[in-house]
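Paired with chain B in one complex and with chain C in the other, chain A is shared by the two complexes that follow.
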Partner chain A sequence: MQAVSRPVELRMLLPLVVLVPLGFAVTNIARTDVLDPGPMGLAIGYVALVIGAHLALRLVGNRGDQLLLPAAAAIGAVGIVMLNRLPQSLFGTDVFGVELGMATTQLLWFAVGLTAMVAVATLYRDDGILRHYKYSWALAGALLLVITFLFGREVNGARLWIYIGPVGFQPGEAIKIVLVVFIAAYLAEKRALLSEASARIGPIRIPPLPYLLPMVAIFVIVMLIVVVSRDLGTALLFLGIFLTMLFVATGRRSYVLLGLLLFVVGSFVAYNLFGHVRVRVDNWIDPFADPSGTGYQTVQALYAFGRGGLFGEGLGQGLPSISGRLPIPALPTDFIFAAVAEELGLIGAFALLALAMVLVFRGLRTAMLARDDFSAMLAVGLTVSLGLQTLIIAAGNVKLVPLTGITFPFVSYGGSSLLASFVVVGLLLAISHRSAVDAAVEGRGP
Partner chain B sequence: MTGEVLRLLLLALQLGFLALLYVILFGFARSLLRDLRSAEVTQMASQSGIGRLAVLESPDDEPPAGSSIALGPINSIGRNVNSTIFVEDDFVSGSHAMLTFRGRSWFIEDQGSTNGTYVNGHRIDRPVALSFGDELTIGRVRMRLER
Partner chain C sequence: MIATNVRRLSVYLVLSFAAVSGALAWWQVLDAHTLAARQDNPQVIAARRSAPRGSIFDARGQLLASSVVVDGISRRTYVDTAFTHVIGYASLRFGATGVERAWDDLLTGRSDPNPLGDVLNDILDRAAPSRDVTLTIDRRLQDFAAAQLAGNVGAVVAIDPRTGAILATVSSPTYDATGFSGDPASAQGPWDAVLGAAGNPFLDRVRLGHYTPGSTLKVLTAAAALDSGTITPETTYPDQPQQEVDGFVVSGFTIREHDLGSVTPALWPLSPALQVSSNIFFAHVGLELGPERFLEYARRFGFCSGLRIGSDERGLPVDPSYVSGRADAGCAPFLDAVELANAAFGQARVAVTPLQMALLAAAVANDGVVPEPYVVRDLRSHAADAAAGPTSLVLETYGGGGRRVISGQAASQLRAAMVDAVHGPIGRLYAGAADIARFGLSGISTAGKTGTAERGPGLAPHSWFIGFAPAQVGAAPSIAIAVIIEGGGTGSGRAAPIGGAVMAEWLRLSGEGG
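Here is the complex of A and B:
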């Protein structure tokens, strides 16, 4: 371990020192109508955490990508400003008798997430732990799902929560990472076989099924549990990750087409089999059919986008502030993108998506520079999991696809999601660190 | 009047927030562009190499441990001095194995060596397709195929 300097990262993080307190001040002035920036503790706390993570990465000598953390931190900055500006009692937690507001809770999770990120980036040196025990990981993930399904607490019709004492978490977020690890390890091992050997029936290339089967089997099991526990967003996300990784590993379009075909059939079956799927899809096709009932949130979100327009209503001046109640109950989690678009307009929403794109770009670059198949596949899968999740929830908010209850990475309120997203960044940092060190050894590259 | 001033100030601050968000975004855009033009990536793109062998363990230090060998499409591995990859080790045969790049993948084939060729710890008895990251053991020399 030898301390390194990360100048680009520091330079990209510095604007946040102004941005976050400015956001806090603006929202407080807009809310109170007096020239008072209001309490700054959380804003300073956020900036301190992010800079602290930067210093920690320098100290442990991480030579990984320097734009990953700033991109995540900038997205998170918009998130903490929005969450701080909403009524705090909505999603507060009670930790050892102390009542904590929503933004305070989120800040604590940022601390946990950033710590986990630095720990993963530092400790992940030998990929053997992930690679060689892939079936154990897959099994552990599936078991976790089953446990959630059997003993989990039901919230909004989906069993996604496990409670240990007062602290609840969503295993789905951890399983996302475990699934990516498993698929990456499997594909890295069998890549050559999967892309070379294949039978033909007429013009159609048939995938070498015996090699695909173990992976497909585990994937189907996971999907079944996810679908049965009614977590549709996660199911869609898993399918997207799976197909992307399969395509990247083999370069075969036929696999993707086959997967999409399965998706269409699966959607059709799900629509006819599950009531809640039908409700979601019907809402998507025409939310105004029941604007005060099942279509309520979607309709309110559409109004929010409409009110926001190009430049937004102004930070702190959107409708969520009215009389301390939210027009959209799930605003801090599922509809945070609608809130951002209402107050910062298309301009602000675009900035948020562009920042997410920076993250994806750097993640794919990490995959490109990786020296072995497992690292490359892992980086692709993790990156796609973040990018696709952003895409699915943003598209759901604007009614481009049926709304699914997944979080906007780094923005939505929620500890499990935040922690998982930062672990992903930590893994990407570790992978890019390894490529940088290897390249330096060979004397080509920086 | 003060209400008016406050409103204007608020508007200015709100625009300042958005502007700063875009300053950050342009900072990223600049860093990304600089990176795309940098030597590292152009070097990577023009890099004709189809793969490398990283030497992990080599008791007699030929090839030296810790070094990395650039590979051509066809590589013979053995104690024979004419081998593409010359390995000085008592447990390696003169013509030990062939490492070839065919189509889109690397393949390794044992050339009837005395002590065998191992891929990820398993002895091979026919040509085997390799993935990047796989470990080859030839005699007492351990090597890893890398991009």
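Here is the complex of A and C:
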């Protein structure tokens, strides 16, 4: 472990040193007409955490991609500024008798997440741990699913939470990573076989049936999640990750089309079988049919987008609360994108999406530079897990697809999501570090 | 291999991000004005709460509605309850209706009449100033019509047939909206009082009242028949005189004439048939027209679909009128010949709004061109001192166009018959009460048609009149009118004299009465 300099990363992080405290100050003044020094501690804390993570990566000698952390930190900065600007009692937590506001809680999770990121980036050296025990990982994920089903707590009609004492977490976030590891290991091994066609049904070429089994198995698991936990967003995300990885491994669009076809059929069945699915879909088709009932949140989110316009209402100057109540109860989680778009406008929302794209493209670049198939597939899967999640929730907010309750990575309030997202960045850093080291050994430069 | 596929994947991801960006641009910029106009938008509620809302004036600059902001809350005062239904209300508790609703974003300054202004205001981060609205209605005529209607349940609507400008629109009973358009804390009481009052005062009967039109619909039947060449003014039906006595059997169902009183049945062409309001004659006409053509002409005049006073994007909605019952996409098909024959003289499943009937009269008056009705004449910059009248800075003017629905020849033939229906030897018995001469104006003819809409056993019929003036040969009619008195009995008894009085008053006010 030899310390390295990460000059690009540092330069890219420096604007946050100014912008985050500025964002806190602006929202603070906009809402109260005075500058309350209290929340500035949070801003300084955030900057310190991010710079701290950068210094830690230098110390441990990580040579990985230098734009991953700045992109994630910038997206996270938008999130923490927005969360600090909302009523803090919305999602406060009580830690050992000390009441913490929403932004403070989120900051603590940033600390946990960034620490995990550095740890993973440093400790993940031998991919055998992941690659060779892929079925164990899959089994662990399945077990976690079962545990959630048996002991999970139901929130908003979906059984997604497990509580250990006062601390709750969403196993779905951990399962997401485990799933990616399993699929990456499986596909890296069977890639050649899956790419070969041995049978045809009309214009669609299908591989030997035994190799289709994992896909069917995964699809069943995904559908199980829908049935058991009623979590549409995660189901869609898992399927999307799986199909994308399959596409990258084999280069065959027919897999994706077949998978999507199965998904449409499954969705149709779910629509007819489950009331909550029907409500979501009906709301998507016409939220204005019941603007004060089931369509309320969607309609209010659309109003927020409309109010934002091109340039936004200005940080802290949106209308997210009517007489002290949020028009969108799930604003900090499912609809944070709408709040950002209201206050920062189309320009700001585009900027946020652009940051997400930077993160995605650095992740894909990591995959392309990876030294072996497993690392490449793992990087693709991890990157896509972040990218698709961003796309699904953003598209849900703007009514492009039915809204599903998943988080906007790094922006939405939520510890499990934040931790998982930083673990993903940590893994990407580790993979790109190994590529850089290997390339340097071969004398091709860093 | 993987690298190639990753590159392909990145293209799909870019496309996906582009799709989300497109949807984002749609809601935030392209469709933002639609969202901004919706009543339950918190932005609308907030603007209504505190914005210095624009004033509303009558056609001569008389103040009708104005606002003051007290303790950060905008309080609205309405001057004249005769205008309540057309102006509507802007309440912090109960939303907005009428012109207050349709022009809400301009009155509160949430948007600019000029789309470029919206962009500029957005860039400069400033609110558009509030605007004032001027109506086409002269308060003097509106008050006169309201006084004529006072004590009755019903509606009067008058239109300038040449332009479509609404000259008066009164629905009775009315109410005072000032009580619940100010401080929301004290709004509930006045609101409940109106809600509990007899006669459903909240209903604007001109736009949203559905009535059986009775014989006034014969004007539509005649217009369709003359224009399509189904009849000429000389056409007669040989069986008709005897059927006036015995009844007209259509598919086994006997259509009977109304009580003709002292009139002796004869072989009547259009003019006398319209004068006595012969159901038998118009049943024949309707059957000869046939269901398709009858429906086609009804649609041309505006029946079978919702209308607007104003434009589609900014106007007061008017309920659809039906000649054959309601269906999803307008008028239902006629069930059988019996229904068609009855509809031809305004019974069966016919349900119309007073505004639609005024438009029918206006089309005949306007040489066969049905005008597009409008009630807001212009938009002006906000007058700081509302009592001193509107500013002279007109930002936008509104005005209707028109659509030819029958030929000029058919219109003038029908107009002659409608003049006879008021002034003719038999017509005088039925609609003579609408004769403007009775109201102190001479040398001016009135055209019109009464209606006595049967509502079933035990219920007094609705009293109807539609007409226009001046209607003598060579004159261009300047007012067309529809009057209905719910349960008012015969058309000649109640509605016709009100119609005549309002038209006479308008000619006098506008200097045409000499």
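Quick note on the criterion: the second predicted complex is superposed on the first by the 423 of 446 C-alpha atoms of A that agree within 3 Å, B and C clash if a C-alpha of one lies under 4 Å from a C-alpha of the other, contacts with A are read in each partner's own complex, and residues count from 1 in each chain.
The criterion applied here is as follows: contacts are C-beta pairs under 8 Å (C-beta built on N, C-alpha and C of every residue); 3 or more make two chains touch, one makes a residue touch a chain.
Keep in mind it's a predicted model, so treat the numbers as computed, not measured.
A.B. asks: Judging by the criteria at the top, classify the pair chain B and chain C on chain A as clash or fit.
C.D. replies: On the superposed model, which is not a single observed complex, chain B and chain C fit side by side.
A.B. asks: Figure out whether A:68 sits in contact with chain B (first) or chain C (second), or with both, or with neither.
C.D. replies: neither
A.B. asks: Looking at A:189 after the superposition, I want to know if it touches chain B, chain C, both of them or none. Which is it: first, second, both, neither?
C.D. replies: Once the two structures are laid over each other on A, A:189 reaches chain B alone.
A.B. asks: Please indicate which partner A:50 is in contact with in the superposed arrangement: first for chain B, second for chain C, both, or neither.
C.D. replies: Neither partner.
A.B. asks: Considering only the touch criterion stated at the top, classify A:235 as touching first (chain B), second (chain C), both, or neither.
C.D. replies: The answer is neither, since A:235 touches no partner chain.
A.B. asks: Applying the document's definition of touch, where does A:376 land relative to chain B and chain C: first, second, both, or neither?
C.D. replies: both
A.B. asks: Which of the two partners, first being chain B and second being chain C, lies in contact with A:411: first, second, both, or neither?
C.D. replies: Once the two structures are laid over each other on A, A:411 reaches no partner at all.
A.B. asks: In this superposition, which partner touches a larger number of chain A residues, chain B or chain C?
C.D. replies: The partner making contact with more of chain A's residues is B.
A.B. asks: By the touch definition at the top of the document, which applies to A:431: first (chain B), second (chain C), both, or neither?
C.D. replies: Neither partner.
A.B. asks: With the two structures laid over each other on chain A, which partner does A:391 touch: chain B (first), chain C (second), both, or neither?
C.D. replies: Touch partner of A:391: chain C, not chain B.
A.B. asks: So in the superposed three-chain picture, is A:346 touching just chain B, just chain C, both, or none of them (first/second/both/neither)?
C.D. replies: Once the two structures are laid over each other on A, A:346 reaches chain C alone.
A.B. asks: Report, in whole Å, the shortest distance between any C-alpha atom of chain B and any C-alpha atom of chain C after the two complexes are superposed.
C.D. replies: Minimum over all C-alpha pairs: 7 Å.
A.B. asks: Take the contacts of chain A with chain B and those with chain C, and give the residues found in both.
C.D. replies: 251, 311, 314, 361, 368, 373, 376
A.B. asks: For chain A, which residues count as touching chain B in their complex?
C.D. replies: Spelled out, the residues of chain A in touch with chain B are 8, 11-12, 15-16, 18-19, 22-23, 25-26, 29-30, 33-35, 67, 70-71, 74, 78, 188-193, 195-196, 251, 311-312, 314-317, 344, 347-348, 351, 354-355, 358, 361, 365, 368-376, 438-439, 441-442, 444-446.
A.B. asks: Using the touch definition from the top, list the residues of chain B that touch chain A in their complex.
C.D. replies: Residue list for chain B touching chain A: 3, 6, 9-11, 13-14, 16-18, 20-25, 27-28, 31-32, 35, 40, 43-44, 52, 54, 66, 68, 103-106, 129-133, 144-147.
A.B. asks: Within the complex, which stretch of chain C touches chain A?
C.D. replies: Per the touch definition, chain C meets chain A at residues 1-10, 13-14, 16-17, 19-21, 23-29, 31-32, 34-36, 38, 40-43, 45-46, 119, 122-123, 125.
A.B. asks: Considering only the defined contacts, which chain A positions touch chain C in the complex?
C.D. replies: That would be residues 244, 247-251, 291-292, 299-300, 302-303, 305-311, 314, 319, 322, 327, 341, 345-346, 349-350, 353, 356-357, 360-361, 364, 367-368, 373, 376-377, 380, 384, 387, 391, 394-395, 398-400 of chain A.
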